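Presented sequentially are two complexes of chain A, the first with chain B as partner and the second with chain C.
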Partner chain A sequence: MRRQSHFLEKTLSGITQTLERSLFAEAISLQPGLFQSLDPRLKVLATLALLIGVSMARNPWVIGAVYLLVVCLALGSAIPADFFIRRVWLTIPLFTGMIALPALFLIPGQPLLHLPLGLIVTRTGAQSVLFLLLRVTTSLSVVLLLVLTTPWNTVLGALSVLRVPDVFILILGMTFRYIYLLLHIANDMFLSRKSRVIGRMSGSEERHMLAAIGANLLSKSLNMSSEVYLAMVSRGYRGAVVTFKPFRMRPRDWLWAALFAGITVSIIYLGR
Partner chain B sequence: MTVKRLGTYYLALFVWLFTSAMHIPDGYLSPATSLIMFLLVLPFWGLGVRKIRQTMNARSVPLISLMAAFSFVIMMFNIPLPGGTTGHAVGAALAAIVLGPEVAVIAVSIALIIQAFFFGDGGILALGANCFNMAVVIPYVSSAVYQAITKGTETSSPRRLIGAALGGWLGLTAGAFFTAVEFGVQPLLFSAADGTPLYAPYPLSVSLPAMLIPHMLVASVVEGMMTALIILYLQRSNIQVLEAAGEKGGGDGGVSMGKLRWLWVGVAVLVVASPLGLLAPGTAWGEWGVEELTKLGLESIPAGLERLSTLWGAPLADYDLPALGNANMGYLLSALLGIVLVGTMVWLLTLLVTGGAGRQKESI
Partner chain C sequence: MTSPPVFEVRNVSFAYDNKQTALENVDLTVRSGESLVILGANGSGKSTLLKMLDGLYFPTRGEIIAFGEPLTEARLRDDAFNFAFRRRVGLVFQDTDVQLFCASVLDEVAFAPLQLGISHGEVRERVDQSLQALRIEKLRDRAPHRLSGGEKRRVALASLLSLNPDVWLLDEPTIGLDPRSQSWLVDFILQLRGQNKTVITATHDLAFALKFATGIHVFDEGHHLAASGKPDEILANHELLHSCNLSHFHMAKEASHCH
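Presenting the complex of A and B:
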């Protein structure tokens, strides 16, 4: 019994978690806060500038300072601090940390620390691990700040500043919407299947069942795409896309734009 | 002793990689690499958009959206493997078989962009690299293998399943290979003056086997298995989807793929063979003398461990270690990069030429 429901529950909880997370992000993005009040185009550009700055910096202190700055911005934007820090640090040590760990011993350099079993931590090894962890953490936090404070359709609208073609933005927007629909459909299929299974399923049966759900989802998606197309045509769609861009930069936004520009230049200059 | 430690280390890496996907987060690649990867993906995006305009027109917007959403959702499926672990499929091989590789590039790319921007899976600056590894390499390699194996068969033929399984397996393995190369060139090209790697720290001799072997054993198996099982289900219950896919593949896409199919198949085979050579330099290139062997093996011996080992200590005492290692790696690396770049360029040129011919035929 326990074995057969294991992977079903994993998939179900993964899907539910994704839906929950996006609801949580939506809730935060609607609260009053520092980052919420900025022009979304500015936010997208600032996020990219910070990411480039972090990836170019060659001084760990500078990257660390950017991380602190991002945490402060998150605090000013109604994001719970423990959530913001935990969400990033729970995934970082697990993934990057485990990848980076052997680099402590493998990178040639001056010995820094002697461990039992004859392992030697080298200075360069420790520095490289520090670099990787700092860069990954800070980049992830920068993106998380944008995602948590900006509704997704606003981010999409703001992407047009980056000369992303309107058709592409339309597709991104529709994809985003249909991800939720398909997640719900998949969730229902898994749940209905799970509620009808008694006893054990063999591994091969489980795989065939998953393939059936996947193939059904594929057929449903293809059918739905023709239905959606007909619905679009009946509402006057003829292949041309017009997006609504209600953005306006206020003096305050320009001030922040100047600030972010200054920060990025100093990251690149100080982090050389 | 050294061998034992090396074994433990690889085992630890494998255990981690068993459960991991190929999404590269920001911070692993230098800005220069990220930029180059964007430049490499760009022509494929162009080809995909052109293909969509030619064959699907206004219908394409909802179709691409739904397929991208489908790719996203299928990546969340937990697939049980023999032995009790579970893995994730990318779904790019399936998308390539149903939609054709050109359109699959766009659908999977959009799924990856949404993952990066809204769910924090994979970096923003690393999007070029992630799209190249997963949205370009997997669809083109799996589609080439699938077409090579299933050419002239019925839609309901069992050979389609073999093609789908092998295509998925080879496609994902090739994707993992390119990911490993991108990781592996970082310490060589982007290190601080004192030798500290600034981005991903491991050289090719570590990143290639560490990425490729577990992927060949787990993630690629999942991809191949799921692709084949879904095709099997479609053969039994909804064969129209596959027949429609066959028409798409047999058209313009079939012409452009047809001539270069074997190139992609060859790339896939080389990719699979590469970690074997790197893992066992001594046995594979056994004719060489002790000194050459030592030089060759140098890069794959962790320096911290090697310093302790009396076996390696003596013959290497006179050499300037990092410089020698880098020179060797430099040769290997430039050869590898050269092959990849030339292959891509030739392929793109041929595709543009044959694609142009296909269009002319159509307009007549």
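Presenting the complex of A and C:
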């Protein structure tokens, strides 16, 4: 028997992984834990403050300390350590590593390592690359901590604390919600196709199938968007949206807010 | 004494893009407190009629009178009329994924009362009561797209219950529901009936309709209103049900029986 299409398999596995990751993240955000229990607006502000602190700090030891603090917070928030660390470190070489790599050789300084083809890794270059990696890793971990401990809809709601307009938050929420739904529909379409494909499809057949699925999804999304609009109008939407902000800061949240403010000031002061 | 009419549909026709006919010369009256069922096969125009009663589509011919006033696009542009109408009439869409467009169940249930100018404090109370009434308090902070079909249907109903309209329009509410959820839905509609709410349900499920309907309007596949009457009368009219594609004879033979 001929093999099934690689394209079909890869697309299906990509969609399934995205859906599974999203499910896993939501499961963590609903568990009891340290970061989960804080007011989402505080978490958004604390994340922003830590990001600013990390980007201003010039001392790698201070940034390293922040990274350790974030890992500790993740542990206290029922996030498996290996998952948390791996998720960040698997992304970093792919993006930042590739960008930072040339700096190893291009930044002048004391030679550290001699490579074939006359390439020399300088001490200053290595320090710069490590520093950049550390900063990006820490920043990414801070954001990941927020995303994993807060349901996406709550993160969006909490953006109001940054004066993001309500209608923008509603549109963001709807975008996420319907991308997820369309992913499910696409997954079903690919699965249904897979169930009827025996051999391997040629390149032109794959392109034809992709175009058909794309067109079908586009048509569905257009139809759905007009139906969603009707559903909004039916429930009183008249162009401007009023939203609910059910968050309430408790004494414990204020305590954590003070703690995060102190940490941010310390990062900026000690990391000069 | 007959109760006052909520909707009067007078010789209404509707065509999508003025080409594809969905309704043809429909005349019917809905009275306050009735539990009406719009029965028809797929594509007979039931959903279109409900959307017209909800002021989302407008007749290409004929007119609809709602609460004694013409229901037109121009009238609905008037804020006072729009607010009053939307507070009194609510529609549960056939596809819950269309109905539930907010990021969380809480936002979903609070959406209608918030848009219609109800104070935040009262909205909070209404949301709590609606979630409690439909036994979905635990889903409060969940994202609607993560819910099962039955849960989504409950959230869709809660999103209307928080508004507490006088008229409930339910479009194919049994789709995707297991038997237990269907039976729960019948109880819910009976409760609404007990509160003297007007309930108009579009369905092709004859057995479901018979459990709560006080009157039935049957649509044929030519988009006409084929018959109106009491549930018993409609059920007894086999020829009508067969011609409207609402019942059929199984041709498979079992021990010389054709059923």
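Quick note on the criterion: the second predicted complex is superposed on the first by the 256 of 272 C-alpha atoms of A that agree within 3 Å, B and C clash if a C-alpha of one lies under 4 Å from a C-alpha of the other, contacts with A are read in each partner's own complex, and residues count from 1 in each chain.
Heads up, the rule we're going with is that a contact is a pair of C-beta atoms (placed from the backbone, for glycine too) under 8 Å apart; a residue touches a chain by one contact, two chains touch by 3 or more.
None of these values were measured; they are calculated from a predicted model.
S.K.: Is A:T154 contacted by the first partner chain B, the second partner chain C, both or neither?
M.R.: It touches chain C, and chain B stays clear.
S.K.: Tell me the contact category for A:G236 with respect to chain B and chain C: first, second, both or neither.
M.R.: A:G236: touches chain C, not chain B.
S.K.: Which chain makes contact with more of the residues of chain A, chain B or else chain C?
M.R.: When the residues of chain A touched by each partner are counted, B comes out ahead.
S.K.: For A:E26 in the superposed arrangement: first (chain B), second (chain C), both or neither?
M.R.: After superposing on A, A:E26 lies in contact with chain C but is clear of chain B.
S.K.: Output check: A:F83 vs chain B and chain C. Expected answer is one of first, second, both, neither. What do you get?
M.R.: After superposing on A, A:F83 lies clear of both chain B and chain C.
S.K.: Examine A:F247 and indicate which partner it touches, taking first as chain B and second as chain C; both and neither are also allowed.
M.R.: neither
S.K.: Could you say whether A:A211 touches chain B, chain C, both of them, or neither, answering first, second, both or neither?
M.R.: First partner only, chain B.
S.K.: Show which residues of chain A both chain B and chain C reach, each in its own complex.
M.R.: Touching chain B and chain C on chain A: residues 152, 170, 174, 176, 178, 181, 224, 228, 232-233, 237-238.
S.K.: Under the definition above, what is the set of chain C residues touching chain A in their complex?
M.R.: Contacts found on chain C: 51, 54, 56, 79, 82-83, 86, 90-91, 93, 95, 97-99, 101-104, 106-107, 110-112, 114-116, 120, 123-124, 127, 141-146, 159, 163.
S.K.: Where on chain A does chain B make contact in their complex?
M.R.: Its residues touching chain B are 6-7, 10-11, 14-15, 18, 21-22, 25, 47-48, 51-52, 54-56, 58, 95-96, 98-103, 105-109, 118-125, 127-129, 131-132, 134-140, 143-144, 147, 152, 155, 167, 170-172, 174-176, 178-179, 181-183, 186, 203, 206-208, 210-219, 221-222, 224-226, 228-229, 232-233, 237-239.
S.K.: Of all residues in chain B, which touch chain A in the complex?
M.R.: Those in contact with chain A are residues 9, 12-13, 16, 20, 25-31, 34, 57-59, 61-70, 72-74, 76-82, 86, 94, 98, 110-111, 113-114, 116-120, 123-125, 187, 192, 194-202, 206, 225-226, 229-230, 232-234, 237-238, 241, 302-305, 307-308, 321-322.
S.K.: Which part of chain A faces chain C closely enough to touch in the complex?
M.R.: 23, 26, 151-154, 156-157, 170, 173-174, 176-178, 180-181, 224, 227-228, 230-238, 241-244, 246
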